[in-house]
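My questions will all concern the structure given below.
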């Protein structure tokens, strides 16, 4: 059950849709402890990513899909999230270089590389109330599940659950990195916007994986009203 | 029943009190069709007038009382009302020059001189939605009453009634002079602040006249709870 | 018929203007409405002691080097709350003195007379007066008093606001944005040595060629009133306002910047009228609370509209220069330039609010 | 857990940022939140074509005479909404280029790299970066890319906001008012011919000697968000805010100006610390919607407080120079001067927002 270029495009598309749908929500989260732009920035970036992919020939490699997303994010998002997500996608792309399709360990490696990119650029550790608080448990859960032989869809579902748990766990934290850190104690009691958009990333991944196997046209949403 | 210097001081004091009590009300009226300062300006001016009178020796002439009020108004009020009321008091003072006490025709002459001063400076005519709309009927009523032999207290009561009627009649008018004229048609439906403060002036005069005869300490408010 | 009455105790009223009794404060960086003008002027004087000093009894702002022998003194003034107008325009190449009254209340004759005396260098004094009944009457009285002291005074009244329908029988148009341009141009002409009649003539010429119109997104709060002068809905704006927080000619639903600009520019251009081939000074002014991001955006659209009509913007000024306290909004002023006005506009000026060439 | 979801139609979302669907407009003179930055920059370019031009793909503001051979290029940038910072400081004696991102969002590396290339006159380029994660990361990437093209770049990070408790483990302090002073002083030093290492050293020295703190009376509305970033009661203020409309360290009841000033000045003075005998540049800055009347009033009180501590105000700047859209509020910045800094502050500057000596 290999992950194809088309699967990645489907995933990126799904993520762009989630971000567009939650643009205002992410702005609101950022307004509470930041500067009210996270949803706007990511939405602009994911729309640019979709434009980059629109003219991608079918035969591009999975790494190229992620590289294009990375380029779009780096050059269109700005702020803290632009370089962080941009680096994540770039490192993930690097981890997949030369692979025509991906197996579960490849996906785990890409996720791990993405996390490493975020940490390398942002220097945040778990508990700082940043997107790392969602990335790190998600990467760990995916890796453990795949190591334990869980199929990819299940592993990504576990990763998405872990990311959402990490996201919720940011609420009581006092921020030590990013704009929320300027608030000091007042940052506690609010959910981190970056951790939220990261949880959305993993949920989009899991949803696409759950919908079906690689290849073919746009996946049909499964189990929806 | 001559009007003495002390009566004039009592009248000025009463007017200062009315203005202080209605400061916010006059500001509100001016906010609607002007710049929200009429109450503040007159209150500042009448307080200054009271300070000018505080050290007036008992033997000053009535004309001197009004001259001091005029000086205080001219030098402390500013805006349109300062020069207009200032000129009114100055001209009234001029009309009384050399008189140790006033009879009813003197009071009528002073009121008429005051109105002439307002008109000379402001060039407004009745119906322009200004203080002239209260001054003019008041002066006319006082003059007619005194000519008809009405005692001063009654004449001033008639003047005050006429001023208040003139004041109310400004409501539907479209302003042609002063700041309210900038509003054009939108000035209709609001009572003119200057006509209101002029009506207060005549009511204060009538009240003081009604309280008693000349001479003696501060008049006791009559017929109050 | 009116609220309260003589029976209320006047003592209870004293101090009303100070901190309101219930402890309610305004969204302003001030201490006390009754001292806000003087405290602000003290700060101006402290910050710009090289250019000006402030006298307090009576209150006026004056150049440190006044009087300048042989130079006509240029004096303006009016209510406070329009900063930087007028105090921020005192200095080399602009005003010799400014007389700030209480907020939105024209000064009395005393400070105008005092300032006139101090800046008279023997060549007389020009009063630049915005057309408001209060300003005109108080400057008039001051000029009479100055004349009695043998100081030659000429007064020019600025009335550039096209929002006000003009008529022989009304108070006429207000003086607004054109005042800033007149003060700069006349200040420069005085600095180069023009005599009093020439300055008065030039100032009238500037006034004859300048037109303005303004709008508000929000009201403003006069400190001693303690609440907004008018209430404007979240989705409303006022078109045709002046600079005293007074309501305008019309209340309309909010519109995009381009539409707002067209509402203001149309009447301005039509009034003079400005036409193809004209070179103009375009002044896009904020009402005090409008950020530069918005003013430059508006500026760009005005310039485009003018270009389409063959009108060339030869000089420009963009910023909050003649304001209504913290009001959000803007005004557009056009001055039809000639060569002399361009030269005088470009001449060196060194004041707290405008500076170039020095 | 989050609102909406993938099942919503993305097409319905496109254009959300344009005029909100229910026709609700903001109290701003803008056309469309998605084009506000570009339209405003177009206006800036139109108004100041003698000083600068604006490139749009990618977006940056640059001096008309760039590159200047042999002169170090000075580049700054960051989110928009702080006008006149940074675009209004492009010109002679200050910035060679500015890179404005979307409102409150740091620019991406592309415009920073493009601006860096355009202003490099062979002597390298200094990046003046305000300390925000986004700004630092994007400037970092641009600098790496420039280095790969053999352009020497040095970056200096400004972090002068004492409201933020500093620590090794946090994002550190924000760059606020000190940035304006650094840009002026470094711009002058670059103009006189200082080389890149010298400029970087001087800029770090300025940063080491400058401290700031700010407060807000009102929130501001980010155009694409369409509503105020935070809700502040009628009788409340925020102390310790930055310049992105973010809430501050504390919410307090409104206070008189003198008390507000003391709240800001105390921590600023204590932090460096500034002390008796120091000569300082005092910068009283408005947050965008605060009128000069209030800023001068505050200035007067600050100067008095400093004098009482033996601190002399040798230079000053009063106005809205580094702002948060239309926010009402202020910040106080103190820079401990030395002779060289005074000389560089006084050096000629000609930009849209700061001009003297030219």
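In order of appearance the chains are A, B, C and D, and numbering begins at 1 in each one.
The rule we apply is simple: contacts are C-beta pairs under 8 Å (C-beta built on N, C-alpha and C of every residue); 3 or more make two chains touch, one makes a residue touch a chain.
All figures in this text were calculated on a predicted structure; none of them were measured in a lab.
**Student:** Would you kindly count the fewest steps from chain A to chain C, each step being a jump to a chain that touches the current one?
**Tutor:** 2
**Student:** Quick one: report the Å distance separating chain A from chain B, using the average Cα coordinate of each chain.
**Tutor:** The separation of the two C-alpha centroids amounts to 77 Å.
**Student:** What is the distance in Å between the mean C-alpha positions of chain B and chain D?
**Tutor:** For chain B versus chain D, the centre distance works out to 55 Å.
**Student:** Roughly how far is chain B from chain C, centre to centre by C-alpha average, rounded to an integer in Å?
**Tutor:** Distance between chain centres: 31 Å.
**Student:** With chain centres taken as the means of their Cα atoms, state the distance from chain C to chain D in Å.
**Tutor:** 29
**Student:** Give me the residue numbers in chain A that touch at least two other chains, ranges are fine.
**Tutor:** Nothing qualifies.
**Student:** Multi-chain contacts only, two chains or more: what residues does chain D have there?
**Tutor:** If we look for residues of chain D contacting two or more partner chains, we find none.
**Student:** Linking chains that touch, what shape results: line, ring, star, complete or other?
**Tutor:** Topology of the interface graph: linear, an open chain of contacts.
**Student:** Which chains touch which?
**Tutor:** The list of touching pairs comes to A-D, B-C, C-D.
**Student:** Which of the residues in chain D come into contact with chain A in the complex?
**Tutor:** Residues 1-8, 10, 13-14, 16-17, 58, 79, 101-110, 132-134, 137-138, 140-141, 161, 163-165, 167, 169-171, 174, 222, 224-225, 229-230, 242, 244-249.
**Student:** Which part of chain D faces chain C closely enough to touch in the complex?
**Tutor:** Chain D residues touching chain C: 19, 24-32, 36-37, 39-47, 80-81, 83-84, 88, 217-218, 234-235, 253-258, 260, 288-301, 303, 316, 318, 320, 323, 325-326, 328, 330, 352-353, 355-358.
**Student:** Once bound in the complex, which stretches of chain A touch chain D?
**Tutor:** 14, 16-18, 20-25, 27, 31-37, 40-41, 43-44, 47, 74-84, 121-122, 164, 168, 176-179, 181-184, 186, 196, 200, 204, 207, 221, 224
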